[in-house]
């Protein structure tokens, strides 16, 4: 029984890892295609209209608000330890929580002490 | 009449309390302590620990079919609803652009799944039947919802130890992985710097990616479709940028509530009767081996890629291919930086890490399909 | 033994894939494209499209009774829970004060329902049985939850095409309505300016309104009560101003989660087998006619009111009586402004539009009652 | 069968539109009554107490906060195209989403371009 | 044929409307008026009132097993899910540090439960059978979820009047308690000032407290475990400070949605047939007595503690031991301040009040155990 | 029947109140132990590290944000009537809602008047 199961397990391992690698390799191809096919063409810049006075005013206010919001967010989040690229990887909550572990040695301190 | 009849009724709680219950309550306290003092995966270990304590208080009726845990089990575990909802939320929080800008890193997500199959073999050697051995192996997916999903389908009786192993060891990744990393890589390899000149990824690519992955994996591995499609649904909500309400719901309400209920309910399966068995100890040991095997396979494949690429790839990022998103990615980058303070490989490690997330789900589905076909 | 047995198992997904599945996946992609690129009702079309794709990947088990979509269907579609919960949220977002300050505009909400009945007649001519014809007619309610509610009660098999028609055309209202408006009104009529000197509406009136509507409609049209009462419950939460927590829950958590689940599940009913039929094409054409008939009836009644009032009412606001809240209201105002930049009829159009919302639910309930009595 | 159904459909149409108009007309009456019966009487103004110093201070702060909150909201919402009366019709999310369509010609631009 | 057959169908709503329905709709309106005009427990009384109105509109089908209220009743009332979820949220909002810093105040939480048992005796005198008498008594827990939990277990038929009594009187605490306070205490007693030099409470104590309470009460009173454990789970989430996501979910999404659904569904049990009975009036009177008895017992025990402590304890805080968290605590402090503007006993009153919350749940569980054992 | 029930009710009352007092007394003991056993030792103060420049900057910003957030919260919440100790009892929503009742005499005024 065990011997038979072991053979089955070995078969599953060989076929399974083969399938996983096969599917992943396929994904590699698909991803390469995808990125290449959807690459932005360079001539798209001039489409942006010039801001008018009213729009500028709105943009200024938006900027002020964005700064305030960013400050608020920063205070809530952990400080970044790594040089983080523009894309927000760190948004995952687990990232924040698990990342703390890396910084920490020993048991957690009671903040009231 | 009254007092003589009443005493048994009043003391029934204490009278039915067993040493096994005490042991399990202690185990629940340990999980809570890990959550609170060490902040190890607290959103899961705390509810699991609390659920475990409650399951070992006698005669509360909470485990009955109409008790709280019976209701939650039927509402979201036996039909796999909670893990799937969690995946919608996780998908809404994953950024695949580091992976899309360096597509070849996706291969590391395949290598990091070897632990699943290696552990399956080891479990078979310990005479676990095939369905149980496979469920134990899937601890090596190093991804909570995948482990719970597959275990519920193949061997629901082992759900408790498998879930506990998956989440506990996942929280211990920063302790489990570094020794393996140091053992299998040379100092020189760990100091390899990687160029970061990623191909720009358009918004269209980011939107099409979840749809294409769903179709490709869905058609090739139907058993992985529920998991992968919910992960990709969350990601599509996020990247589409036109359904902010739904994205917010996915990454807040849905995942938070599902996580709390999942943790409590999984914890409630940790009754003394079902948990205090030789099996459990074997599963906990096998689970640890699964993590080590995954890491080793990822590192070795990383070394192969380093060799093939002519030393342009730091093998440490192979360790991020195990999944344990996003912890393993950050850890690999940290270990590299520990050797050389100016060595930043975070983006590559995160690419490998998201590849590991995809690979884990796929491997879970493949395993499910193969074992179902074999049985 | 192994490899020969295994191959069918591994290729089962592709082997069971039919051309019909491919067509339906393409349809799902079109819905997602409309959602993402055009932002047409994205919170619904995106989940519907994704659900449609998943329903057409073979052998995933997601449509089974214990699969994700089976669970969601039983949890919220077959018992009409999701549409009702969405209505609680919609009610919490509607402001009835423009309507209350000009009560006569409520009549436009009746005229704009003619499309329901006109389409019923047309569907009968196409030999649909009565229950199906009525379900198709209710696309003319031009209100997603009402259409889904009535269709689920009368002809659940047609839910998919009806829901798809309702939401798709609703998102196309700015394309469907303007030609009808231009055809049926003269330039002079469209330039009619309307006085805006609304009667002040007290807070008491706003609070009593949802209660009174529930009682009046509830006693007259019991079949409309579930829908109208949940809409009014949401509005009462909002206008009472004393249960901010519940209002917030209604207009965020409850509606967002219900919308996501409803969309996915409705999409998952779009299997090739049930959708690729002559019926579907007929339903899509009839649904479009329903929108046109509704708009035309609303405009003609608007013209009548313009005549009766001695030219004080702009007939365009009749087109807002079809429901499609709040799109149709804004569109009517926009078309008027396109003719004469200083003509602001937004408040009147919104009054007619909320009247259309009420009228749609009522007409849906009346239809349900009549058809049930006839069968 | 179809002929019979058609007659039924016609009957339903006549009765149904009649009922809808009837119920709506009833609603018209009820609404008129409601608005009239609950109209605010004009003599209610003097009830408002004069603000004391403390209240004034709180009001000032509240005003400051309200401005900040309004700015934030404005940045998140779409700019209003119509002269919008004090009652917040525009609060419905659908309004915001659908309103964009009216402003838009052609396919959506990728903001990164 | 048509019109003669149709009329009964169309007028069925009005034809089945009974004077009893009218009375109950009036009752629903009163509850809504209390909620909106007086802001008495609006988050509960408003949904209860609205649910009551809907339950008394004939033939809506909403009370059927597959109607909205049937679905909600089975989803969260019959299995006690909603009250338990509400307790998770309440626990996340309670701060036990005032109690932990003055542990002896916990005794007041026992005294304030006498009303439960006193009312049980009175109900027995009125010939209610034991299970019903106990359910009526538990109005004296003066805590909504506890009352609903116990009543659903022992006498689900009486759920409506019991829940209505519990929530209505709870909202009237500031009217019910002061006369009893003035009657049973002297002016001098009410002017007693209390030192506030609380022992500092460490974070560890606050974290261990919910766990220890769960274990102690769980083992001694298994029937109270579901309620007390969910309250303590919420508190543990809060005090652990490591699972902010879950805490937020508990004190927002979970409690808000559960409260809305609970209120609506409880209200929907107020049909004329089940509510307009002599029983209901008796229950409403007994419920009021329960509140008075609770307050009196709490005050008398407070006077005893004042005597024993040599005048260091203000007996008013005894009235806060009835539960009705946090209203009763604030009220006691207010009454003391009314006598002497510089007398601040809020912290002591809140300590007694949280003790009352614990005592109520315990007494509910004890009652449940005893009555179950007796039957 | 009623007589029998009455006796049972009396028994339940005696046993029940006894059990409640017993359990509560046990809780008293447990709480006293708990608070004493976990009392902070006084020598824990020096563990707090001195803030560096970067940290100070972050703290400043955090303080600014906290003030803004507090203002916002204050505007939303009711004013406190009691001298409230540092521990946030008042966080319970019921507290806020019920507390209003204490302040109020007579029916609620329509804010528009």
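Order of writing sets the labels: A, B, C, D, E and F. Residues in every chain begin at 1.
We take it that a contact is a pair of C-beta atoms (placed from the backbone, for glycine too) under 8 Å apart; a residue touches a chain by one contact, two chains touch by 3 or more.
Fair warning: this is a prediction, and the values are worked out from it, not measured in the lab.
Enquirer: Which chain is most remote from chain F in terms of Cα centres?
Expert: C
Enquirer: Validating interface symmetry: for the copies chain B and chain E, is the fraction of residue numbers used by both over half? Same or different.
Expert: Under half of the interface numbering overlaps between copies: different.
Enquirer: Farthest from chain B by Cα centre, which chain is it? Let me know.
Expert: When every chain centre is compared against chain B, the largest gap points to D.
Enquirer: When the centre of a chain is set as the mean of its C-alpha atoms, what distance in Å lies between chain D and chain E?
Expert: Comparing mean C-alpha positions, chain E is 37 Å from chain D.
Enquirer: Could you state the distance in Å from the CA-based centre of chain B to that of chain C?
Expert: Centre-to-centre distance between chain B and chain C: 41 Å.
Enquirer: Quick check: how many Å separate the C-alpha centres of chain C and chain D?
Expert: About 18 Å, centre to centre.
Enquirer: At least two partner chains per residue is the criterion; list those residues in chain A.
Expert: Each of 15, 19, 40, 68, 93, 110, 112 in chain A touches at least two other chains.
Enquirer: Which positions in chain C are in touch with at least two other chains?
Expert: In chain C, the residues touching two or more other chains are 6, 10, 36, 39, 42-43, 202, 204, 220-221, 245, 253, 370.
Enquirer: In the complex of these two chains, what residues of chain E are touching chain C?
Expert: Those in contact with chain C are residues 5-6, 9-10, 12-14, 17, 25, 29, 32, 35-36, 39, 42-43, 46-47, 50, 53-54, 57-62, 66-68, 71, 252-253, 256-257, 259-260, 264.
Enquirer: Mind listing the chain A positions that touch chain B in their complex?
Expert: By the definition above, chain A touches chain B via 2, 5-6, 8-10, 12-13, 15-17, 19-21, 23-28, 30-32, 34-35, 38-40, 82-85, 87-89, 91-95, 97-102, 104, 107-108.
Enquirer: So in the complex, which bits of chain B are touching chain A?
Expert: Chain B residues touching chain A: 36-43, 90, 93-95, 97-101, 103-104, 106-107, 109-110, 113-114, 116-118, 120-121, 124-125, 127, 129-130, 133-134, 171, 173-174, 196, 199-202, 204-205, 208-209, 212-213, 216-217, 220-221, 325-327, 330-331, 333-334, 344, 346-347, 350, 355, 358-359, 362-363, 366-367, 370-371, 374.
Enquirer: Write out the stretch or stretches of chain E touching chain B in their complex.
Expert: Per the stated touch rule, the residues are 78-81, 84, 207, 211, 214-215, 218-223, 225-226, 229-230, 233, 236-237, 240, 242-243, 245-246, 248-250, 253-254, 369-370, 372-373.
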